[in-house]
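A, B, C, D, E and F label the chains in the order they appear, each numbered from 1.
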């Protein structure tokens, strides 16, 4: 441990402002980068479910291809 | 509920309709709002690279650089400002039906300013900072840009309207318009420079303000007249 | 005496040193439709543009309801119909409403688009529509409430339309005639069946 | 392709299948995420609390543990995008396009992070947030390359066209990256002898560089997690009309 | 006498035809040849006004200013470079019939260069003189412009081709293209500055020459590919 | 076995999530003309663009004389016909010749313009021509020697043409058929009289 107290740890030898800002920003960016695809996925699934429900309610076959190109 | 033409409410509808349309064309998605901002940062980057990265030199150039970026941004979109409308017949409809034509013209110019002058004005403190502009010069620079860029856009609009039907768009247009930009450039730069050397920048700023109000009230008429000519040529 | 909707007298107009009209008279009453016919380059479009005030180099008098023509008394759909390919059909029509200072509800836009058979295409950029669909967007203007003006000037409105589209548009025209409007239009195709329709030839048959 | 053995070719094709990607990578994510968390946790706590302060910069040097990984990923991300671009243009592999589409915002985010942490670090070290140093300028330009690619993709409506357009731009850009880097390097150092050079970091003792290594690895895994997740989402979006995706949606509903 | 496609003579016809067409569009009348020249003089005038009229300062900035003028001129015409062709269907015909598409693309870029880079290169000594550029820097500046401006035009062409069908043409285009211009700017400026301070400018000039040859042989393919995409989107 | 000029098999093509073609087959022999008909938005233009290679997102095979289509074996005149309004008719046509690598004399340009009735308009910027005259410039390409290719694809060629223009163009088409070419064209107007003409409907009749 290179700090003697938690207060000193926060102060970072007078550079606390810069260090903590940097780390805060990093947490924000990393959070964004991790959450963004998940959020998009959730939104897509919700939309798609709604669409399927609508199609089912109409008693129709959902408009999909049956011969999806697959390897 | 057909509004009687010229009633106040229908004037507002006319103005708002044009503005909405033009903003929709400029920014299809909110993410596109970032494009003009990024554009200005790129332009600013060219100067340290092209001229000199030394903080002292940059600080001296900063107001000029920002103003030249403003000219550049105004010029870049200018050719397309009315040309597309002319090509698809939109301009004809505007000239024919808008009563008065003044209003959609003002709306169009406002929209163009919101893509060029406004983002630059808002970014000016940041860009100034990147170029080591003296802190006390930042506010006057910003004010100058806020007052001056509308004039650039309006004068540019006259040029664009005059050349709307012509083959030699780009270069001729720039040639027409750049000399008109010079007074704005000089006033804007000197406001920032005065402030940077500790003097009072209100003189040039007042001149700019006067010019802006004059331009806003008169230039759109010139643009409208030029557009009429452009439509008749078509 | 009541005025004719459109009254043209002694029109003389030249283009490129060639006289297109001389001593040209034309009178169009309410509820009348007139089809202009003539070879390519005869001057049909030029005539429509003269009337709309977009080609001021003519001599003679053109009056709409007895007074000089004003843009808000007529509706002009030209070769280039004033539809931006970058905007959706709905946005385009909404702008046309705004341009005329229309203050009512925007619901009329979807009604007009439905009328010309473009349901489901309201929000597609017009660029991505077929040629005929783009024409339909342009002609949807005829179904907007702002189209209730004394005179319609339609320059080849039937271009690119299929048979159903042709029916639609002539239906809109018939409706306007019934409402007391006058219509001046050009087309090289056989004209649709309209009440009160007459034909006027322009230029020497080539 | 003719001379490549059949088995390899089949593998290549299977790897190009979005569905294969979706189904295979699903199980990787938790492991990758856990390893990333572990590495980053150890590295960051070590770096922030246990590594000794730098003899010149004091404690502000602790920014290095995020700054360097971010700067590294900023460049690696662009390279990855360009490689995907080549794969897309040459082999028409759709999956490459989906990866490319996902990497762009993630890479841009890390580029932004490198710039932001760097310029925050600059204040205590240089006394100013911004300076036109070679490295910094070239990272800024890298950010614009990213933004350009993202803007282009958004502006083109058809995904196929957008993919190929972005691939062209990414490839032209990647040729430029080393050129930009070297030309800027060379130019700026011409004006500015190495007062503020970021290159000549003093040789660090292991207690300082081991956490850095841990964090670099951790950030890499994090990047991978994000890209894999993003690509999986992209797969669903683009294949939303195929039977397997609809089935998947129904399952999730049940 | 239908030439077999791909025969040498018909390749030449293809190239010459495109060049002739594009020059006709750029210069309807010989008097229009003066426009680009005048444009550069106006642009150069803005810098003393905007930044500083002092000879010493100007001399230091001169190479950078000229190069930034080159970027500016290249950018200005860029949006229209393929857009009109796309709107009237010309681009479709080019993509469809030109065998190979590479050739008309090169011709188009050459024509654009003759309106932007070439006049600037020719004017460079005069403009440098106006900005008090050291006499020994003038030749390297000119050489740098001669070698570098074609690259600007080509890289700009990639951006123009990629954005040909898009709504957000102008700003996005500038954003795509400006970062790519950076190395050219740096090499060109440093050649002139080295010479101005009595050093040998061949290093950067050789790099520029290498870059130019590489760009001329490869970039038109990228442009052609991008144009194909643009046509398909239409 | 000799190949058909155009042979389309199992074409499947969709746009905006809507299937325009599925299991579509089409065969066109030399000296045959086929008129595509169908409602607006049915996919006629899309089909022509698929054939010309300007819409690559299809499945199935399209072959011209037994090989994949190459741009120099066909002539495509679309809605936007590749005529620049800023250039004169002659300049436009000369460019079209150059594009195909034509090395003969330029006299063919004025011959073609004469053929479509544009004598005296050779040097006028096309912008300043009437709509029908502009169409004629575009169609003058059919009278150039570079038009002697196996396949013509014409998308609504008769738009804006007067009766004389219609005759002219169908004359050019008949001549090409006689010369052994094949023609695939769309139009919503009644088709002209052509030898070997058949009609093919696309999309549900609306």
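Throughout what follows, a contact is a pair of C-beta atoms (placed from the backbone, for glycine too) under 8 Å apart; a residue touches a chain by one contact, two chains touch by 3 or more.
Quantities reported herein were computed from a predicted structural model and do not represent experimental measurements.
Separation of chain A from chain D in touch steps, taking the shortest path, is 1.
Using the mean of the Cα atoms as each chain's centre, the chain most removed from chain B is F.
For the pairs E-F and B-D, the larger set of C-beta contacts lies at E-F. The distance from the centre of chain D to the centre of chain E, each centre being the mean of the chain's C-alpha atoms, comes to 32 Å.
Taking each chain's centre as the mean of its C-alpha atoms, chain A lies 38 Å from chain B.
Centre-to-centre spacing of chain B and chain C amounts to 36 Å, using the average Cα coordinate of each chain. Mean C-alpha positions place chain A and chain E at a centre distance of 43 Å.
The set of chain C residues that touch two or more partner chains comprises 79, 86, 128.
In chain D, the residues touching two or more other chains are 141, 144, 147, 151, 155, 157, 184, 187, 241. In chain B, the residues that touch at least two other chains are 25, 28, 32, 35, 38, 42, 45, 49, 52, 87, 167, 234.
Here chain E touches chain B in the complex through residues 25-26, 28, 32, 35-36, 38-39, 42-43, 45-47, 49-52, 57, 60-61, 63-65, 67-68, 71-73, 75-77, 79-80, 87, 115, 167-172, 174-175, 178-179, 181-182, 185-186, 189, going by the rule given at the top. Every residue of chain D that touches chain E in the complex is listed here, in rising order: 89, 141, 144-145, 147-148, 151-152, 155-158, 161, 164-165, 168-169, 171-173, 176, 179-180, 183-184, 186-187, 190.
Residues 16, 38-42, 45, 79, 117, 124, 128-133, 135-136, 155-156, 159-166, 188-189, 206 of chain F touch chain C in their complex. Chain B meets chain C in the complex at residues 1-3, 5, 7, 9-11, 13-14, 16-18, 20-21, 24-25, 84-85, 87-90, 92-99, 104, 231-232, 234.
On chain D, the positions that touch chain A within their shared complex are 13-14, 16-17, 19-20, 44, 48-53, 58-60, 62-63, 66-67, 70, 102, 105-106, 109-110, 112-113, 116-117, 120-121, 123-124, 222-223, 225-226, 229-230, 232-233, 236-237, 239-246, 249-250, 252-253.
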